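Shared between the two complexes below is chain A, which has chain B as its partner in the first and chain C in the second.
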Partner chain A sequence: MSVAAIRRRAFDLFKETGLPSTRHEDWKYTDISRIQHVLSIDSSSTAPIDNHASIINSTAIADLDAYKAVLVDGVFDDAHSNLPEDVTVLSLAAFLNDMGGQAPDDIQRLFEVRGDEPLFNGLLALNSAKASDGVLLCVANNTVLEKPLYIQHISTQTNFIRHAILMGKQAEAEVIEHYVGVSEEKALSSLSSNVILKQGARLQHIRIQQESNQQTHIARVEVKQLQDSSYTLHAVELGCALSRVDVVVALAEQGATCALNGLFVLGGRQHVDHHTRIDHIAPHCTSRENYRTVLDGRSRAVFNGKVVVHKGAVKTDSAQSNGNLLLSKHAEIDTKPELEIYNDDVKCAHGATVGQLDEQQLFYLRSRGISAVAAQELLTFAFADEVLTSMSNQQVRAYIEGIAFAKLPHGAELDGLLG
Partner chain B sequence: MATNEQIQKQLAGQEYEAGFVTDIESETLPPGLNEDTIRHISSIKGEPDWMLDWRLAAYRHWLTMEEPTWAAVDYTPTDYQSISYYSAPKSKGDGPGSLDEVDPKLLETYEKLGIPLREQEFLAGVTNIAVDAVFDSVSVATTFKSKLTEAGVIFCPISEAIREHPELVKKYLGTVVPQQDNFFAALNCAVFTDGSFVYIPKGVRCPMELSTYFRINALNTGQFERTLIIADEGAYVSYLEGCTAPMRDENQLHAAVVELVLLDDAEIKYATVQNWYPGDENGVGGIYNFVTKRAECRGARSKVSWTQVETGSAITWKYPSCILKGDDSVGKFYSVAVTTHCQQADTGTKMIHLGKNTKSTIISKGISAGRAQQSYRGLVRMAKTAENARNYTQCDSLLLGDACAAHTFPYVEVKNSTASLEHEATTSKIGEDQLFYCQQRGLSEEDAVNMIVNGFCKDVFDVLPMEFAVEANRLIEISLEGSVG
Partner chain C sequence: MLVIKDLHVSVVGKEILKGLNLTILAGEVHAIMGPNGAGKSTLANVIAGRGGYEITSGSVTYKNKDLLAMLPEERAWAGVFLAFQYPVEIPGVNNTYLLKAGVNAKRKQQDLDALDAIDFMKIVKEKAKLVELDPSFLSRSVNEGFSGGEKKRNEIFQMAVLEPSLALLDETDSGLDIDALRVVAKGVNKLRGEDRAIMMVTHYQRLLDYIEPDFVHVLANGKILKTGDKSLALELEERGYDWVKAEALGSEKSV
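For the complex of A and B:
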């Protein structure tokens, strides 16, 4: 079957299922009916943004020593990209074009959508049907990508993007996806990232969502891990009116390890929803999850972390923790850490907390002459920053810290305290 | 020395002790459900018109509802037209005036179950427990009535309360679990036949423990009981509930509703030992236990606790809940659920915090063995109004055997920034080092497992009334027998 046929079928599936509604258990707390009218806008008629070179430069993470792939409104921008020579990084659209529609099976499979897969929803099918472009990263066996790959997305209007990351045996790479919105128009960014890790492969994956306050961001990260592979995700949510990210990890062979870290720093009327699902299919796999949210204004966060331990997945080790800090009376958190276990030889735990800053810690800081406001800000920052401690890229970490800190109620005044 | 076969036999015999059938003449309505069935039940009970109208309204609403399918249980749905909605042991006159008039076969049944209805014999006077015994669709005896009346406590079958205390029933019935609440509750509202009614007046501390013992005996019937407990200002009561049924190859439906109302400073402790017939080791037969239990802390500083030990039933669908409306009210939920063979249980609790400074605690211990499926499903909701609300949740699962399953589905919804909540859950098997230690000290594997399981459940057993704690302990030992090794 050709890619085109797969995509036509996906579109039929979307027409059949439509957008998920709040009557659907997985969408109980997130209402996306507002994107209905966005979908009906024909984005091809809007003029492309002018002067995007300066926008690309001004929104990028400064001084990052990395390869760079730039997408502007869902189209790969060769001129502003800086790609490695020894490792394959391509525009997905260009690749398909070259193949004349007869792409290899591995690539075709990236477009397949089944109605019965975990966390399936109509938008996923629509993404497969409409994705205009994306980045295809293939790291060959025993190859290490020397510098991180920084994928910068600039969006001013609705766009559909599909990325693929294929890691060969013992391959290693770091990928940073950065989503920047510069438009104040209501628009949708629909993303899908497919990740496959072969035996012993290692991937550090960072996602920074920093789109504009009018935009909606709906994404899915799907990861398949083979033997002894290791996957680390840092998902950072800072922007958007509404953002929904589904992370689906399959630990398909022995010894695979995954770590999912999430940080939401929200204010205003922002709404962020992450659903994660980890399937322990093979024995001796490990999964770790650490999600933290800091909510101000009338923002609302939803976290659903599901771990499924299948029959036969003995010696599974899974731990999950979810901490939530409400800074405002009007903020809301809905969290649901789920465990589904079909096997007795496992060690699974999860914990969730909702609460305030520790009075004693506040007192300690104040007794050292730090003002109440500063003490609160520092502790709030420390609470959020815990998620980033496992990030090895210090430049990216500093960038996220800077943005997150500025989002705190008095953050801007206290910047100096961080040094 | 006993042969292996003998031991096997012994074990098989011990599996479900309450599985006998009492051969007693009974009056049973033909199977089927329509408005006439409801009118019939209502007229047998001699109910006033308002009660009948209330039932019919519930029935009409039920017809528009669909059986819920979201629980993690798999079963053959009940054919609601093929079961009988009323069965009662035949009595000579208008019902027994005193215990002497109760059919001796019935007394024997309860004695076999360890629930003596003769007041003077019970526990040699050490503790007094007043018992309301419900046999199929009717209450057959209530003990210690006069002593309770002295204290002003009303403890009687609910059908009697509808006749004798209509003002209380009218005021409270259906105010915690309304007719439209859910599929099984609506059905219960339409066809409930009996259950207990308790009213503790202002400032009264109930002088003894109250208890209801439910027994399903008749074939092909459903049991629909309804319990309503009202603790007026400053009142206190501790209430125990137990249940058993004969061993049968068919599935029988038990859809009960329990409503607790607490006014200012009131306290209710509600404990359940649920030991309905769980079906055999291949999952044939057993009770479908679809129960709605809810407490509403209407008054300030009221306290309610649900304690449950769940060992029986083929399918359990049960979420005892607390609505913490009054400021400073407290809700607690302690649960031990054991599922073995092919049992499936989807159980947990809901804590709805509405008032200021409300507190709730959830301790849930699940033990899953054989091919059993068990889920903890809970909700903690802190509304905008719940200033300084606190919750602590701990749900642990213990797995015995590689074919069983345990799931956790905790929902947490917090809309108030001063609220704080902690949730912890773990799932694991019995630690091999613990087992090894016990065995190395000379305990058999089975004893060691029992001991570890007991320790695992200790947090919950500690809050059970003494008599129940002993029974609960024994029940769990019996339930787990043969599931080790």
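For the complex of A and C:
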């Protein structure tokens, strides 16, 4: 079947299922009826924004030593991209075009959507059908991508993007997806990142969602891991009116390890929902999950972390932790760990906390001469920053800290307190 | 330096301090001893400004200012320091940055320029050496993963860097082995001076062998029941506290 045929079928599937509604258990807390109107807009007909070069420069993470792929409103921008020569990184649309629609099986499969897969919803099918472009990264066996690949997304209007990351045996890479919104329109960014890690492959994956405050961001990160592969995700949520990200990881062969780290720093009426699902299919796999949220104003966060330990997955080692800090009495968190274990020989732990700042810690800091406001900020920041300690890219970490820091109610008070 | 008059303090409706009087002059070292639950830690915490205590009457004056009207950080800026009985772990907050912020906040209040990183590190290294604190602790999160003894040593290190006028040591000796106690005492003794005062809460006479007090007070039943010199501590070690309480009861009855 051609890619085009697969995508037509996906569109049929979308027409059949439609948008998810709050009647669906997985969408109980997240109402996306606000994006209904964007579905009538034909995204392929709109022209890319003018003079976007200055926007690309001003919104990029500064001084990052990385390869760069830029997408403006869902279209690959060759002129502003800087791609490695020895590793395949290219525009998915261009690739399909070159192949005359007859892509290799691996690529075809990236567009397939089944109605019975975990966390399936209509938007997933729509993304397959409408995706205009994306980045295709193929790291060959025994190859290390020397610099991180920084994928910068500029959105001013509704866009559908599909990324694919194929990591060969023993391949290593770091990929940073950065979503920047520069429009006040109620647009939708629909994303799908499909990741396959072959034997012994290692991927550091960072997602920074920093879209504009009217935007809706709906994404799925799907990861399939083969033997002894290692996957680390840092999912950072800072922008948007509404963001929903589904992370689906299949630990398909033994010895595979994944670590999912989430950080939400929200205020106003922002709403962010992450549903994660980790399938322990093979024995001797390890999963770690650490999500932290800092919620101010009337913001609302949803965290649903599901871990399924399948029948043959002996010696599974899984731990999940979700900490939530409510800075305002109007903020809300809905957190739900879900464990399904079909096996005796496993180690599974989970825990969630919801709270305010610790009075003992506050007093301790104040007794050393830190003002009450600065002490609050410092503790809030330290709480959030814990998630980033496992991030090896210090430039990206500093960038995230800077943005998160500025979002805190009295960020300026902290000046000089942090190194 | 510190004048406490008829201080009454309650915690969730229960009166802990019941009319406590205490005067500490500059240059003096006072030891507060007494049975468990007498209110020794309450006294130290109230002076430092911890929340959760209801001050029902009385006054605390520090350097001629109403201490009870000041925020905890204002007290720190004015030179009050509490070495905690149970130092708090603060993951993610760097020990050295905390101290630098504390020192510079205090300097700002005194209209002094902030210390730059180099000058500050010089002080920090010198003080760490004084209390024999492993320099690796400087770059760690505040008290995180420290042993009990290391936490206490870190308190004295912080005190040495912040150079308070009034140091309150709340059972700093508990949980310390003899070597650690000697080091902590060295740090405290180094701080002694004409313009400084120290109030130490302790259960054990042992500490006083290393830090010689000018006065020893027995705090029981929410009041200072007896005041003496160093020999009183030795007597308490031998005879316990009951005789002091009985004596106080007797004198109350005879009034």
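The criterion applied here is as follows: the second predicted complex is superposed on the first by the 408 of 419 C-alpha atoms of A that agree within 3 Å, B and C clash if a C-alpha of one lies under 4 Å from a C-alpha of the other, contacts with A are read in each partner's own complex, and residues count from 1 in each chain.
In the analysis below, a contact is a pair of C-beta atoms (placed from the backbone, for glycine too) under 8 Å apart; a residue touches a chain by one contact, two chains touch by 3 or more.
Note that the coordinates shown come from a computational prediction; the quantities given were computed from them, not determined experimentally.
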| field | Which of chain B and chain C A:P148 touches, first, second, both or neither | value | neither
| message | By the touch definition at the top of the document, which applies to A:L326: first (chain B), second (chain C), both, or neither? | response | first
| Between chain B (first) and chain C (second), which, if any, makes contact with A:L379: first, second, both or neither? | second
| Just chain B (first), just chain C (second), both, or neither: which does A:P20 touch? | neither
| task | Based on the superposed arrangement, let me know which partner A:Q356 touches: chain B (first), chain C (second), both, or neither? | result | first
| request: Check the contacts made with chain A and report whether chain B or chain C touches more of its residues. | output: B
| request: Quick one: classify A:R368 as touching chain B (first), chain C (second), both or neither. | output: second
| Overlapping contact positions on chain A, where the chain C interface meets the chain B interface | none
| note | In their shared complex, chain C is touched by residues of chain A numbered 358-361, 363-372, 374-375, 378-379, 381-383, 385-386, 416-419
| request: Report the residues of chain B in contact with chain A in the complex, numbered from low to high. | output: 70, 382, 384, 397, 399-429
| query | For chain A, which residues count as touching chain B in their complex? | reply | 25, 311, 314, 324, 326-329, 331-356
| remark: As the complex stands, chain C meets chain A at residues 48-52, 71-73, 75-77, 81-82, 84, 87-88, 90-94, 97-106, 114, 141-142, 158, 162
